[in-house]
Amino acid sequence: MPITILQPAPVPVFNDTRNDHASASDSDSDEGGVDLEGDISMMRPSKRARRTEDDSIVTPGEVITEDPQWMRGHGTYTTRQAPAIVSSVAGTLAKTNRLLSVRPLRARYTPEIGDLVVGRIVEVQAKRWRVDVGASLLAQLPLSAINLPGGIQRRRTETDELQIRTFFSEGELLVAEVQQLYGDGGAVLHTRSLKYGKLRNGVFVAVSGTGGGGGVVRARRQAFTLDLGGASADDAEKIDVVLGVNGYIWISKHVEGEGAAAETSGPGINRVEESVGLNVYSSQNDDIPMSTMREIARVRGVIEALVEHGLRVDEDMVARAYHEAVEMARGDGDGEDTLYLGGERGRRLAQALVGR
Amino acid sequence: MAQQTERIFVLPGDQINPSVIPSHPKRPLKLGPGLRHIPPSELLPTVAGQLVTDYKKNSIWVEYNGGRYIPAVGDLVIGTVARSVVDYYYVTLSDYTSNAALPQLAFEMATKKTRPQLNPGALVYARVTLANRHMDPELECVSATSGKAEGLGPLNGGMLYDISLGMARRLLMRKSVEEGKVVVLEELGSAGLAFETAVGRNGKMWVNSESTKTVLLVGRAVQETDEKNLDAEQQKKLVRKLVKEMS
Amino acid sequence: MPREAEPSLNERAFVVQALQEGLRLDGRAFDQFRGLDLKFGDHYGVADVTLGKTRVLANVSAEVTAPYIDRPFDGIFTITTELSPMASPAFEVNRPTETEVLLSRLLEKTVRRSNALDTESLCLIAGQKCWSIRVDLHVLSHDGNLIDGSCLAVVAALRHFRRPDTSIEGETLTVYTPAEREPVPLSWLHSPFCITFSFYGEEGEIMLLDATLLEEQLRVSSCIISLNKHGEICQIAKLGGTPVEAVSLIQCASAALTKGKELSTLLDQKLAEDSKRRDKGGLLAELSAENER
Amino acid sequence: MPLDTSTYDLALLRVDGRRWNELRRLDGQIRTQAAADGSSYLEMGNTKVMCVVSGPSEDKRRGQTSASTATGSNAADVAVSVVVAGFSSVDRKKRGRGDKRIQELQTTISKALASNLHTHLYPRSTISISLNVLSQDGSLLAALINASTLALIDAGIPMTDYLVACTAGSTSSYAANDDRADPLVDLNNQEEQELPFLTMATLGATDKVAVLVCESRVQVSRLEGMMAAAADACKGVRDFLDQVIREKGHKMVTEGTIEKGASMAIEIDA
Amino acid sequence: MTVTTEPEALLSYLQKADGSATFSYAGYTVIGAVNGPIEVQRRDELPEEAAVDVIVRPAAGVGGTRERHLESLIQSTLRQIILVNNFPRTLIQVVLQVTVAPENDYANAKVAQANLNLPILPALLQTAVLSLLSAALPLRATLASTALAILPEHGDRRIISSPTGRQIEQSQSFHVFAFTSHDELILAESEGSFSMKEWDDALAAAQGTCYPPTTTGDTDVLMDDDKLVGSDLKHFTRSTMEQKTASDLYWK
């Protein structure tokens, strides 16, 4: 990953305060033989920074309010002596009834029940998997929380425990839902729906997760099918996109009756679940046409460009940006094969989106 | 113990005079710690100490102080919960040794739903149920026969003190005053102090009281008795001195 | 790797509670040291410090060697502090723990970098021959406050040490054996002492001197101040931990000065006692040496 | 001997023309590395450091080995690694990983941050901080602490307040027992070589000291003056760091990456 | 320089270790500490017995190959007397710290890295055994060890037990023996040139110092009588331990 070190900007407002300070002490120093201990007292009562009125950003250590009617939420803490609510992160203030919380500018993903996440298996234990979902703790996926081949009614047997690796093994990717949270913030996942399960036929992208900073945001739909429609000159292919709330993204070839769109468009739920075959746990990619691969790569480029320019990643944005990118590729005359969306092109893409 | 008059000192590998070995006609000879039996009929000490025999119980052992605690079935011990896994707590009995296993259901009235929640660092008073050279020891906090705690279980509050293994043994004797010659706790009690103690065979003593000062005083009195080898008279003097200092 | 069992929650809560009531487990005052004993060995340069149940032994040795190329006029002075499993099975040979690294850095800063030993005086022939003075610190038993004890042992051993006398005639260097000429002391400039403060409580408002191992495990922060009796700070190390009011750190510094002066007096007194004892022994040794010849 | 003290007496200006309480030019940025959870780049004069934070995340290795050591420390570990580039100073000395000075720096930074961060929110996990020193010109420890603070805020890890650090020196060396010694702040390499100095880290703008490191000989009486000067300089550093964070925040709000925050102003008035 | 000719020992004085001893003899002082049985590292674990780990540290420096050699000699000797089968998959750690080694006033040897060598072996072994006894680790037997030098003298040879550094320098051969309390020879190390006859003589002399034949095979366990003054090491070990036990069990 390249390191961006921007040109040093001129020192901001801070300079002024320094100058004030320096000049104030100047006169002292000129007289010579100043008692320095008296000048700067160590006994000075400690004063916390107060928030300035028109500022929408709060920073760590900043007193948000001393009014006792508020309750503290995430991103804040209370002080002992003078009861005050103080921010513990840098971010924007959020008020829900009497609850004050600070949304950090950026943070690692914190799981919440019902979140759709994309994860990677890092460890296989006797009766469960440990899954990296980008949170502070690894999530658990118990063997009992997956659909076993042979339908939902099938009982879990010891044989299943012994061949746990045939379902998921280390390094494999999956999409799941957060079912339960432990006291320490650890998440328990489940894949008991056809929407969830092992991922294949595509490519993985990690962007920063919910919490801010232009990552994936919680939205109505996290998984959708991108209709390339007429955008692509080739046959009307479809691409599945899973935007994990945790910032992990999966872009893959659309498979009818499987994956994201299956839930709504597929046959009756019971029938489908009965029809769960071993195919679900296959780690083998299907044949993917060249053109589809190219478009998958383009979607990936689009998402990275969105993140790089601090834009949110959701269904609407991705779809718009994708079509914009196709237009750009055509307009530039480089042909549709131009997938690169870094640097100048990315900036143009972003501007086109924001400017609208 | 009272039967013998002479002190017999042994070193590892010494031969034991057959005349001192008790030979009860009916009961089998019981070998205590510090001895090993080499078939067919040789007895050899394995540690340095005083050879002690009890003709009534037809037993023989070597009395010594020091060394590291080695778990034995039936011992009462005080352990620190190191971590918990499904169904078990792992409990530390002494520094640098592997942990003992305490089933989460081995508490009074414990069921899958009502088992006690112990955090790492919590203290438990437990009995050793399995001690085997090839396996990590196992503990229980409930009597398997009566289903009652019988004083075992989590220890809340108070302070934990390290004492020598010999001192722990003396404090745990049924007649600790007469046989163990420790009067310090009784003296402290009669000086009007209210406190509770639990002694672990693994060289740990837990003291609790309403007053912090009392806990400190009891702990210091026992530790000093232990370290300075005080006899009954000196113990009384020590208690008087400490009580005076405190008030 | 065998690990030290950590104090239980009960101990944590109790010790802190007792401190808040102004009580220490062993009944000491907050600024009181445990029983401190300093002994010198039969040989020169051996100092044995006992501080409660903590015990450290410092051993000084010297040899003639070539100086470093970039410092031709300086002798070589090293302090080695490898903690052996004797102090605690948690210390492994050849695998320095954090305790060991911090101890060695502190001694380095307190004794070596503060120029307590005049290294220029160790030079024999510039760029060719110099003395290499080496202090080996052995921790025999670790029950807290290793740093203060170790520093005292190192300084005491160095001041007690005598190196063989030498003479230079032209280009020839003669190193005399102890039988030929009485060994000479090192050129010593000042004696620094380390004083460790341990802090407890939410804001570090409780301050202890000479903490035991248990107390060390429970402290929220510590500050080590090294100084000599002239009030010169050689080193301050408050390496993280709970923030403490600046004012209390300044108080620490003046408390350290008082304690440093006490240690300094103790060391002077012990050295004087030892040389008195040695004077008697010295005559005898000479006689017996005569006999053997 | 000291180059600057001679001139200092005349003009009360230091070798680089600063007054006693002036900081060098500060430049800071956050989010310099897209892939990291948090990152920063900080210049204090010619001392330049880079910081990358990853985590809090569960260390697979730790999960197994330290489960039994978890007693009482049910909070995230703060692991710090400092790499000093060979080209960062004039002598181009290569410092190995085993270097005790570096290890001490790492321990200091880790312990100082651990007490400021709300690590109890992240049990069983590790916050790793990698610091790279690109250029050294004095006040190294201070720069490392400040850069870590910036990167940790960028990573959105809750903390009590900014942990800010600065150095303070005294104009005459220990040998000259000069009562008129003035304190100086934010020393450069040349001043560090010549003068006694200390590094101090405070919790935000308060006088609570998290780190105090002094490695040179100095009279006890000098301590208070130096600490007072350092505390004041730390406040200046805090203001600067706060500025950097706020600007980034404003930019994000303007770009619409994050929602605009609610204001407390009305409620306070009401 | 005075050489302690009478052995001296202090037991269990390092409170933090399971067992400890200081032993001084023939100009050497060694501090020993024993911890065990404790948790063993996976790589050192033995399925059927306790691993015995011996660490020898010289007064100056951390030691080199000579110390490693001594460690291996002591390790294999101690393994024979400790009942290692009692504690499978554990570790018994023996740390021996040399604090005083004889100094030679007549030579300025390279002192910074004093050579530990065979002459110190008896003192190390003796300290180890006392420390093990102090830690109450189960032993098969105790042991005693001594060093001898064979010096040329007027065309003849003379055997000197516990020789001084000077005598060792002049000697033709140097031997270290260790015997268990069952009078078995458990360690024999020799240096220099010697004949089989000389070796046999040395062995006999060593046996006399360690376990005089008069008392071997003696079934008498009530050896309170001080007829034999504790000149031999067997008695020394016994009386040292007896004192310790008496003070530990003062309440009996």
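Per-chain residue numbering starts at 1, and chain names A, B, C, D and E are given in the order in which the chains are listed.
Simple rule for what comes next: a residue touches a chain if its C-beta (ideal position, glycine included) is under 8 Å from a C-beta of that chain, and two chains touch if they have at least 3 such contacts.
All values reported here derive from a predicted model rather than from experimental measurement.
**Student:** Of all chains present, which has the mean Cα position farthest from that of subunit C?
**Tutor:** A
**Student:** Comparing centres built from CA atoms, which chain ends up most distant from subunit E?
**Tutor:** Following the centroid criterion, the farthest chain would be A.
**Student:** Once you count every C-beta pair in contact for both, which comes out on top, B-C or C-E?
**Tutor:** Per the contact counts, C-E leads.
**Student:** Roughly how far is subunit A from subunit D, centre to centre by C-alpha average, rounded to an integer in Å?
**Tutor:** 29
**Student:** How big is the gap, in whole Å, between where the Cα atoms of subunit A centre and where those of subunit C centre?
**Tutor:** 53
**Student:** Averaging over Cα atoms per chain, report the distance between subunit B and subunit E in Å.
**Tutor:** Their C-alpha centroids are separated by 33 Å.
**Student:** Give the residues of subunit E that touch two or more other chains, as numbers and ranges in rising order.
**Tutor:** 35, 38-39
**Student:** Which residues does subunit B have that touch at least 2 chains other than itself?
**Tutor:** Where subunit B meets two or more other chains at a single residue, that happens at 80, 82, 95-97, 119, 121.
**Student:** Indicate the residues of subunit C shared as contacts by at least two other chains.
**Tutor:** In subunit C, the residues touching two or more other chains are 2-3, 5-9, 12, 89, 246-247, 250.
**Student:** Which bits of subunit B are touching subunit E when the two form their complex?
**Tutor:** Counting only subunit B, the residues touching subunit E are 6-17, 20, 34, 36, 44, 46-51, 63-68, 70, 95-98, 133-134, 166, 170, 180-182, 229, 231.
**Student:** Write out the stretch or stretches of subunit E touching subunit C in their complex.
**Tutor:** Residues 1-2, 14-17, 31, 33, 35, 38-41, 55, 57, 59-62, 91, 93, 95, 97, 99-100, 103, 105-108, 110-112, 114.
**Student:** Mind pulling up the subunit E residues that touch subunit B in the complex?
**Tutor:** Going by the criterion above, the answer is residues 12, 18-19, 35-39, 81, 83, 86-90, 133-142, 180-182, 219-222, 237-238, 241-242, 244-252.
**Student:** Can you list the residues on subunit A that touch subunit D in the complex?
**Tutor:** Subunit A reaches subunit D through residues 1, 3-6, 8-9, 11-14, 17-18, 21-22, 25-26, 29-30, 33, 36-37, 39-42, 44, 46-49, 51, 53-61, 64-65, 67, 75, 77, 86, 88-95, 102-108, 122-123, 135-138, 184-185, 208, 211-214, 307-312, 354.
**Student:** For subunit C, which residues are in contact with subunit E within the complex?
**Tutor:** The touching residues are 1-3, 41-43, 46, 53, 55, 57, 59, 61-63, 80, 82, 84-89, 93, 132, 134, 136, 138, 140-143, 164, 175-179, 285, 288-289.
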